[in-house]
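Shared between the two complexes below is chain A, which has chain B as its partner in the first and chain C in the second.
Let's turn to the complex of A and B:
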């Protein structure tokens, strides 16, 4: 049995770790690319959302490496993602791939069923203690990954060479992927911290009093905000434009709430979002629609300069969120931009919109600094 | 007190319940007129661009409600255990507040049958409180609503016509004021049931009766109730189809039959409409008497993007002619008619030539070679 799984940003590091510590053969599919998307789009229903298309592409590419079992999480909706496993199984079967699809969820609410599925994946040799230990370690790694990501978010606008920061990010990810001890994980995070600090000290002496960077909060559908390929590298792009980015959902926060059912909060808990969203949307709408609204409110209250919402075309929960967000924009006078991505999204188009958006955010700030202007003229919502 | 009920989305499934509920409370329920061009245009202006046609229509109907004290926009989370409705239903009314005319109060209630009857009743009591009704009244109204809904659903046989059925309900709901004035020996309810059963027994309606002609094609129309019965948005597809063929609808398939036809899925579908669509679609695909299946969907429908795929697979396995019609606000009638005619012609020809079908698609999937 060779297990594979769909990509979602850095999730592969965590999933690979989990299976490797259980001595299960795991195939990490090639990273998301144009090819992946093309392969997946051919098989997918045309109006399916982008993640499904990328998932299918991942499976096809993993099949070339000999994978025969797919692991995916589920859920009982009402977001479409909950039904991915079954639809993907049928599509792959028709296309001639004999994949076994294991959906990690309690089937019809039965925990025994879930245990059976985990047992099927882990094989007979692993004891439950070992499985739990492996899960805990993978979780720790996901928290560490999120810390590194957050550090990089802060470093991008502040360090002088964008390429250097990206290189640092890559090697940090590599370090985290390879290490199999808790100490190694901690060391990797510390190493990133130290390196950034050193670089910054070198910089500060050179150009003192550099501007405080703009802060933009990214909210939206989890796959598109976690996966740089589907969002056309929006975080990196914004970093290069001198913006500090934060996002509503981090991998470990999702793992904590979705898989551990809130036993572990993750690096950034998503628990507070429903409370923030309440005045605008008092009921969950599936997926992360409620979290999107809540996070937008939270970012606005924390004084962020702007908010960007990203979601795949036809995403149901995010459409609901998108129709509520104008109210948030009006209430808090914060510009919110919505980006919708699908298989036709082009890099240049997104880049242009981001540049224009950042210009828009920067202008009132520059004006305020230089001369006293008619304040409010440039404010949003009149 | 007059409460406005937009003729869109949940109207097509749950109107009888609400009609019964408010009738029992002695509140007049006003529905918006049938969709026409202006309603659609108003809806397009006010609803968010990304959302689907039915929601845009709902936005239009909200604006078409005149002279009412409240606009009623319930949040229908779930209509049975283990399923949800579409996420966009869950976002009502917040996502449509932009369409509500300024100053018009919105009345809402959360209906979540997943949590059980007790919770639903509790939420309805909250609604009653807002309307100044006590909980015994609400309980009675609730039972009344359930009964109306059940009666309505029981009439949904093969020869059933949505418009006739719903018209009876609307008439019964409107009878309120008249029955107040003149206490008639026959209660509104008996009137309604009498009318409904008579329509159900009647061999279907005014349509040209060619039923004796056994050669008539039999086409199954599969899709959401709010598309199939929304005759303005679907360009009268149902009537056009009925002129040429016998039509089976998903809505005519009863719950038990749906349940027995859910086989072949490793995971239960968790959307109530989709479950019905898939179960009925599966039944139609296997039914040898059905000549073809038309799947009616709208652009951007999330649940259909998945379920359409599943149903099309079933149809292909059974070598059943299958066509998908996707609606949006730009649908043109000529295009639809052309496709419909071509589809029906193809089926007729297939009948004549039996197995001699075009070889196209032979290698599309595993089953095609087994013809």
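Let's turn to the complex of A and C:
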């Protein structure tokens, strides 16, 4: 058995770790690329959302590397992703791929079904104690990864050379992917923290008076916000435009609530979002629609300068959220922009919108500053 | 008289038209060019510069250059622009300089349409058409030529309509077949054209203008604003007067010129990076290749002038654009540092 799984941002590092610590053969599919998307789009119904198309592309590319079993999370509720595991199995079967598909779903009533599937994946040799230990370690790594990602969010607008920050991020991910000890995980995070601090100190001595960057909160459908290929690298792009981003959902936060049912909160717990959303949207609408609204409210209350919502074309829960967000915008006087992505999304269009949006947030501040300096000059002259 | 010979140049290279504006330091427009891009932005930029050169004196000096439009990066590289800005900011800056009270800008260009909401002279919200280009200039062009009329006649004919017919405007393909259907039923040409204008306006307000607080004064800019039929349909639908500013068709370029003035004029020591008015005579070339460095497989574009590499872009990681001249990316950064330092 060779297990593979769909990509979603950095999730591969966590999933690979989990299977490797159980000595299960795992195939990490090639990273999401135009090729992946083209392969997947050919097999997908046109109206399906972007994640399905990318998932299928991942499986086709993994099949070339010998994968024969897919593991995917399922879900309950109105989001279509919940049954993608089954849909994908049938599409692949029709296309001539004989994949075994294992869908891991949150337990509904009895734990037996989930336990059976985990046992199937882990094989006979692994004890339950070992499985739990592996899950705990993968979870720790996931939290560490999210911390690194958030450090990079903060570093991008502050470190001068974009290429440098991206290289740092890449090598941090490599380090985290390779280490198999808790100490190694902690060291990697500390290494990133220290590198950023050193670099920043070097910059500050050269160039004083560095202003506080703009802060934008990213909310929306989990796959598109976690996966930089789907969001056309929006976080990196905003970083280059001098913006510090934060995100409503991080991988471990989602795993914590979705799989561990809140026993472990993960990085940036999503537990408080329904409470924040309540005045605007009082109930579950499927997917992460409720979290999107709640996170938008939370970002607004925390004084963020702007909020960007991203979702794949035809995502129902996010469409519900998108129709509620103008109320949030009005209540908190915070500009909210919605970006919809699919296989036709062009980089140039997103770029223009991001630049215009950052200008929208920045120009009032710049104009204010220039008026102040002029007054200052007049003051000295008079 | 020296003052008269100094200008700020604004260039807006869009999908359909390439516009250039020469702005005097006293904020009046010396020259405005509206050229068709015809899919050859590099040549058209050069032709435009040649044209401008022939219209101004030998001693004329360009103090600063701003570039905008979908080919802003290309234009900035060829010209050596001091400011590179997106179309939304450029249009908003131009409108609020022309009339500081403006609260809404409707802009319909060749292939995109946008709405910009301003409050107190600052952009507070905006939207662009996302997945559909129905109702933009290109479609109107296409329909005019199908009906055998000049695009300039389209609007005047449409306002003659007595009973505009109702046309499905959600999709340009369906709009076309609906128009043909109405034509075959015997409706008059003005009624069909007016119906199309109304359909386009409804479509615009439902898609781009959705959830936007449209308050007057309202500016209507972009090439399509030349069409009085569309203006009339907007006025009827919104129940408010629509103002078409004097330089409606080159507002993006005008905004870019103002931005150049802001940037270069803000400090006396600033010098423009403009490559000079003789760039119309040099030879530019563009070539592209697929980078094989990683799975992203970026399409990298390289611009050369007389065989010398000017800039590269298109890569996500910055490997190629940093290696090249990367004027635009770095100038954006410098600008930020400078403005913040000020």
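One rule holds for everything that comes next: the second predicted complex is superposed on the first by the 367 of 382 C-alpha atoms of A that agree within 3 Å, B and C clash if a C-alpha of one lies under 4 Å from a C-alpha of the other, contacts with A are read in each partner's own complex, and residues count from 1 in each chain.
Just so it is clear, a contact is a pair of C-beta atoms (placed from the backbone, for glycine too) under 8 Å apart; a residue touches a chain by one contact, two chains touch by 3 or more.
Note that the coordinates shown come from a computational prediction; the quantities given were computed from them, not determined experimentally.
Aligning the shared chain A places chain B and chain C next to each other free of steric conflict. Touch criterion met: A:340 reaches chain B and chain C at once. When the two structures are aligned on the shared chain, A:364 is found in touch with chain C, with no touch to chain B. Vertex at the C-alpha centre of chain A, arms toward the centres of chain B and chain C: the angle is 80 degrees, rounded to a multiple of 10. Of the two partner chains, chain C is the only one that A:33 touches; chain B does not reach it. By the touch criterion stated above, A:326 is placed in contact with chain B and with chain C alike. Once the two complexes are laid over each other on the shared chain, residue contacts for A:242 go to chain C alone; chain B is not touched.
Closest contact between chain B and chain C, by C-alpha atoms in the overlaid model: 5 Å.
Taken together, the two complexes place residues 313, 326, 340 of chain A in contact with chain B and also with chain C. Those residues of chain A lying in contact with chain B across their complex are 45-49, 74, 76-80, 82-83, 85-87, 89-91, 93-96, 103, 107-108, 280-287, 289, 313-317, 319-324, 326-327, 340.
Across the complex, chain A meets chain C through its residues 30-35, 160, 162-163, 166, 207, 209-211, 233, 236, 240-242, 313, 326, 335, 340, 342, 344, 348-349, 352-353, 355-357, 359-360, 363-364, 366-367, 369-370, 373.
By the touch criterion stated above, chain C contacts chain A in their complex at residues 70, 85-89, 122-126, 128, 130-131, 211, 266, 294-297, 316-319, 322, 329, 332-333, 336-337, 339-342. Remark: chain B residues 47-48, 50-51, 75, 77, 82, 84-88, 90-91, 94-98, 110, 265-271, 299-306, 308-310, 313, 326, 365-366 touch chain A in the complex.
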